[in-house]
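Below is the structure I would like to discuss, written out as structure tokens.
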Amino acid sequence: MIPARHAPVLVTAGLFAALFILGALQYDGFGTLRVFLNLFTDNAFLAVTAIGMTFVILSGGIDLSVGAVIAFTGVLTAVLVQAGWPLWLVFPLVLVIGGTFGAGMGCLIHFYRLQPFIVTLAGMFLMRGLAVVVSERSVPIEHSVYDAVNAAGVMLPGRAFISAQAIMLVIVLAGALILAHYRRFGTYVYAMGGNAESARLMAVPVARTTIGIYALSSFLAALAGIMFSFYTSSGYALAAVGLELDAIAAVVIGGTLLTGGYGYVIGTLVGVMLMGLVQTYIAFNGSLNSWWTKIVIGVLVLIFVCLQRIRIPTKAATGSARE
Amino acid sequence: MTGPKSIISTLQRHGALWPLVALGLIWLVIIIVNPGFFAFTIQDGRVFGGVIDIFNRGAPVALIAIGMSLVIATGGIDLSVGAVMAIAGAVAANLIVGTDLPVPLIILAGLGAGLAAGLLNGTLVAGFGIQPIVATLILLVAGRGVAQLLNDGQIITFQNEAFAFVGVGTLLGLPMPVWLVLFVLAAMLLITRRTALGLFIEAVGANASASHYAGVPVRAIKLTVYAIAGLCAALAGLVATADIQGADANNVGLWIELDAILAVVIGGTSLMGGRYSLVLAVVGALIIQSLNTAVVLSGIPPKFNLVIKSAVIVAVLMLQSPVAQAQLASLRRRFTA
Amino acid sequence: MTAATPLLSLRGVRKEFPGVVALDDVDFEVRPGEVHALLGENGAGKSTLIKVLTGVYPRDGGEMSLGGGTLSPQSVGEAQAAGISTVYQEVNLLPNLSVAQNLLLGREPRRFGLTDWKQMNAKARETLTRFRLDIDVTRPLGAFSVAIQQLVAIARGVDQRAKILVLDEPTASLDASEVEVLFDILRDLRTAGLGVVFVTHFLDQVYALSDRITVLRNGRKIGTFETAELPRPKLVEHMLGYELQGTASSHASRGTVTEGNDAALEMDSACVSGSVQEISLAAQSGEAIGLAGLLGSGRTEVCRAIFGLDTLSSGRIRRNGRDVHITSPRGAIAKGIALCPEDRKANGIVGELSVRENIALALQARRGWWRPIPAREKRAMAEKAITDFKIATPDADKPVRLLSGGNQQKVILARWLAIEPDVLLLDEPTRGIDVGAHAEILRLIHQLCERGMALIVTSSELEELVAFSHRVIVLRDFRQIAMIEGEDITEDAVLQAIAS
Amino acid sequence: GSGSSEGAANDQLTVGFSQVGSESGWRTSFTQAVQAEARDRGIDLKFSDAQQKQENQIRAVRSFIAQGVDAIVIAPVVETGWKPVLTEAKRAGIPVVIVDRNMALKDDSLYLTRVASDFVEEGRKAGRWLMEETGGDCDIVELQGTVGATAAIDRMTGFNEVIANYPDAEIVMTQTADFTRARGKEIMETFLRAMDPADICAVWAHNDEMALGAVIAMKEAGIDPGDDILVVSVDAVPDIFKAMADGDTNATVELSPHMGGPAFDAIEAHLRGESVDKLISVNGDLFTQETAAEEYQKRTAG
């Protein structure tokens, strides 16, 4: 028997399958392995960000700064690479900056009891602002490694392509699954989301965990920033504007409760893929103008979250939302 | 006794001290960079001056922050307010251009659109139990699309003195938006304090389950606050539309939800729900607008805007944090000792 | 072991909260191999002492030492590392994690640095067998009743293998058999040389288990006594500061009920799918019905069904002979029914709000939005409740979450009495209430009956159940298995019915 | 429907069009112009709105490739970052036409042609006009576009390049107004409060919308825009012609929304096997009050 708490993930996966089949029936070239694998490549950086966001949301927090961190990392990477810095120095540097920045936000949240929403909002302004300060202009990256990595991957029949981006995503996913479900840190994250006060009384190292969560999220966002710099071979201060909302939406569509404590990393991946599939579907359709695109995306999200509500409500899955 | 000491302690008890200190500090910076900014002049029966400018410009955020406060007090959040502004503006502008309806009806139609949007949000949250951030995210995305659909993607401009009055008119020397903020604030204070609504809102936000057990109509309360937030957003949208005599569906209220939430939090309300203060939310909105104005006046290149903004936000939040205050006090003690 | 050097000792510990001195110059010590009861009325400072001891609150003064070394934990983790394992008042576990995870949080068995789930579940099951608990340890804790959660919390505390085990009202939601199991375990631990600090309001349990007693009153220490040398009335006097007038457990009012008319509340073969089955009961005005049964027997569910929290799948509920269809607490309240719930943290108090607002909440909800209770009236209501129930709070404006557990319970009782219901459902009303207040509440139940209210009361304490009930309904597995009436109501009879 | 990428000429042509978004009236006009053009030519246009996000645009282009369209038209959000996806399009043999903003590409085999405007040149044009009009003596307040946007940076560059030659011309205050009318009004209001309006000679706005906002602010402050303070901007949306005709603003540099026609011309020529120039310039003219009324008529009639 499938435990009720897995139902949201399965529902999302079911919706994904349904939309994929619908698209395949409607459009040539839609129901192919290529389109499916493209989802991994095109959404890799978003998925990596959303995986970090999952930990934050599971702990009952939120991180609005991720989009800006991606932009900042991208710009800094591009500027440093163009200035001739070696990649082996640039990548660790920006990742450390990302992680430290997140840890700093975690400190503000934990030690000064400031609200995550606002701290990370300020973090978003800061990172976006710093990105603009580093370079207002978009900076192209000309580097042989970039070209090589972008060309690297496994070509399958039917022009389906497993890209380096997709491989990176799978690695991050595996790491995140282990962290969430097979490490103490993961349990602590769930514990804090379940009830922060109880977690404290149960000797969860709340300070370390909180700082770790935001450091992880920012670290993954920085990693996503590097991936984005590969994806576009450039860095741009206005890149990934509003990406935090996409990430949050993906996490939630993947079945994680925003109040914390309930949800799965794997669900987030399915959520990202579903949202990516919606985009692909709209692109294949190609007849929606700008506003209908927005309306259709909104309505689809509405349908998805409503369908998720219709599943059998269980005490365990709905938590305290008993009214 | 109304000595300065007791005023300060009263303010402190209501959590008003630090937001006001923050506002004062920003104004001080403005005076330093531009001494003449706060000078009052009276011209054509209208009072001009920096403070009034800040009130006037801060009006949309303040209006939205009032509605947002109530939503946040119930433990929710409303991300759709910017999109609702766009819808309300688009509805009004299209009616002005396309029909001969009298202005009051047009205003009502705009507000009606906001009410409908708020009810939609409220139904999703209270009726279907969808998490507020997601429920309102839907309208954040789709709502602007609806507004653009109404406007066909263009800015619908109009010449209508009566309607423009909402945004640029002057009443008893003060700009209309300032009156609207004061009016909505007073009305909301009245409604929440003179009825049981305020108590119910705080109860629902603090513990929805216990409130339900106590017979509080939890769903109806939630529906109501989203409806109010929708109305406030619509009014803000009408003000913004009247201000430029055009409905800019693409840009009006873009990211305003973040400013409004910020205003509410700077005013001391917790995003976890429970206690709230409408007056302080308006103060929060003034802080944000003052900050924007200070940045423009300072002449610092725009690319530093966001860095400055983030630094000030963190500073204001730290100012309010009891932990930081205690640390500061102990530092001071160590220095004086 | 009387002369043994203390394992744990506190000297002159002080803790202040805004407006309250919760601990004032308190000395306290625990020897190895003793069970030390920490007693006092609601709000005396017991939980605060424990929280200071275990690093939850920083202390404002005094010294602490453990096993010779000084003790100054900054967090629960540090206290635990120093050898103090604590089960706090109220269940403070994580409803979203599985039972096994809750038991072993922070101590998960690992293989190659990764959590070994199989071993963890096995270990958890093994730990729980000691508590004679056979449940699915992989299910989320939130799916279980408060009682089970409390047992899991205790099991977690015991399992830490500490030098000192602190239990803050661990038995509040347990019934007699579970308490026995727990006591056996605690006796074993005592023999093994552990020091146990035990907080409770059940004096029977104090005498059954403890070696010494320390009494707190208003944050001050009254004294430490050998249990064997302290007669019960004397203990109560130490706790309350005055002598308690004879217990209220007279059966005097029994039989004064006017039978024959339509019952104030009647359940007729009521079923809720997935919950109670075929429940029939009738409560006349002026009558108290006791619901008895083991943990999870469905007592809470009966209350939920009446109060409209669960919807009947079949059967009927009647008020004064007329069928009523209740689908929400609001509807129930409108029909004159009130429920004082079992889980006060989740469903009772609105923590952020003040004592005054909490008391006024239900009345205000019934009056509706448009007729706010005037501020003066609210204040008067609160003041009256604070004096009537002896609620320990500096003023009515204090957020209720800052009150001690027992005082929170009193606030909720006051909330429901303010609406003057015809039918009052009390689900474990005396949980966590001190002896003084306990007597008050029993007296109150009698009074309410006399005033013509119909009461349905759940209690795990058979003694009090027997004391106030005109009729006892015994439940098992969500079904009604016996009804005991009038003079037949004795502890033995009820026990037998439960056990049969 | 979709053809193979080799595209038989008698098949209906399928073209994917990836647009930035719908952030302004000008952008919408641009989209509609391209759609109308495609309709007239019987081209099956697959339209995708990226909502100002490059990642969405890349996704859309990759979907177009997967779908096997005959050609792709991209109006890029930003100049950089196109090499990987264009390489993919090239590998699939799909010609790409860049419209509106430029792309920073070293390898010009990655695209068929650019139908482009030159933001720097637009800034220069505005600057030259203003300097001529004022004899090079002018204290200017500047309303910048969104910080970081190419259009803003380039127009500023071009404008500043020109006024650098005039020692008496100076930008006295500058601030971003995010390309929007509302912010334009707000910023202008603050400028007017911060300094004596009589000291301001001209408003230079990176687009028409901000200029129109500034006009409202000036009018409310009792200043006559167009006379007391000159106003020059870029885009040439219909509303600005009305404002010019009313004497509220003075000049605008056109950014033509009609880039669809040349783009489709190039695609069709390419599919016929003809060679195509790598750059098709659509630089617009500068319009002033003289022709404003007439232009307004012309542009709103269609």
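For clarity, chains are labelled A, B, C and D in written order, and residue numbers in each chain start from 1.
The criterion applied here is as follows: contacts are C-beta pairs under 8 Å (C-beta built on N, C-alpha and C of every residue); 3 or more make two chains touch, one makes a residue touch a chain.
Treat the numbers as computed from the prediction; the structure is a model and nothing was measured.
A.B. asks: Would you mind checking which chain's C-alpha centre is most distant from the centre of chain A?
C.D. replies: Of all the other chains, the one whose centre lies farthest from chain A is C.
A.B. asks: Calculate how many whole Å lie between the centre of chain B and the centre of chain D, each centre taken as the average of the chain's C-alpha atoms.
C.D. replies: 33
A.B. asks: For chain B and chain C, what's the span in angstrom between their mean Cα positions?
C.D. replies: Whole-Å distance between the two chain centres: 44.
A.B. asks: Please work out the Cα centroid separation of chain A and chain B, and write it as a whole number of Å.
C.D. replies: Centres of chain A and chain B (C-alpha means) sit 30 Å apart.
A.B. asks: Could you check chain D for residues that touch two or more other chains and list them?
C.D. replies: In chain D, 22, 28, 31, 147-148 touch at least two other chains.
A.B. asks: For chain C, write out the residues touching at least two other chains, lowest number first.
C.D. replies: 346
A.B. asks: Two or more other chains touching the same residue: where does that happen in chain B?
C.D. replies: Counting only residues that touch two or more other chains, chain B contributes 148, 153, 209, 212, 303, 305.
A.B. asks: Using the contact rule from the top, write out all pairs of chains that touch.
C.D. replies: Applying the touch rule to all chain pairs gives A-B, A-C, A-D, B-C, B-D.
A.B. asks: Please name which positions on chain C make contact with chain B in the complex.
C.D. replies: Going through chain C, the ones touching chain B are 307, 309, 328-330, 332-334, 339, 341, 346-353, 357, 360-362, 364-373, 415.
A.B. asks: What residues of chain B sit close enough to touch chain A in their complex?
C.D. replies: 79, 124, 128-131, 133-135, 137-149, 153, 208-209, 212, 218-219, 258, 261-262, 265, 270-272, 303-311, 313-314, 317-318, 321-324
A.B. asks: Within their complex, state which residues of chain B touch chain D.
C.D. replies: Its residues touching chain D are 34, 37, 43, 50, 53, 57, 148, 152-155, 157, 168, 240, 243-246, 248, 250-252, 254, 293, 295-297, 299, 301-303, 305.
A.B. asks: Give the list of chain C residues in touch with chain A in this complex.
C.D. replies: Where chain C meets chain A, its residues are 56, 75-77, 79-80, 86, 88, 92-97, 101-102, 105-106, 108, 113-115, 139-140, 142-143, 156, 346.
A.B. asks: Applying the document's contact rule, which stretches of chain A touch chain D when the two form their complex?
C.D. replies: So the residues of chain A in touch with chain D come to 27-30, 32, 34-35, 38, 41-43, 45-46, 132, 136-140, 142, 150, 159, 228, 230-243, 276, 279-280, 282-291, 293-294.
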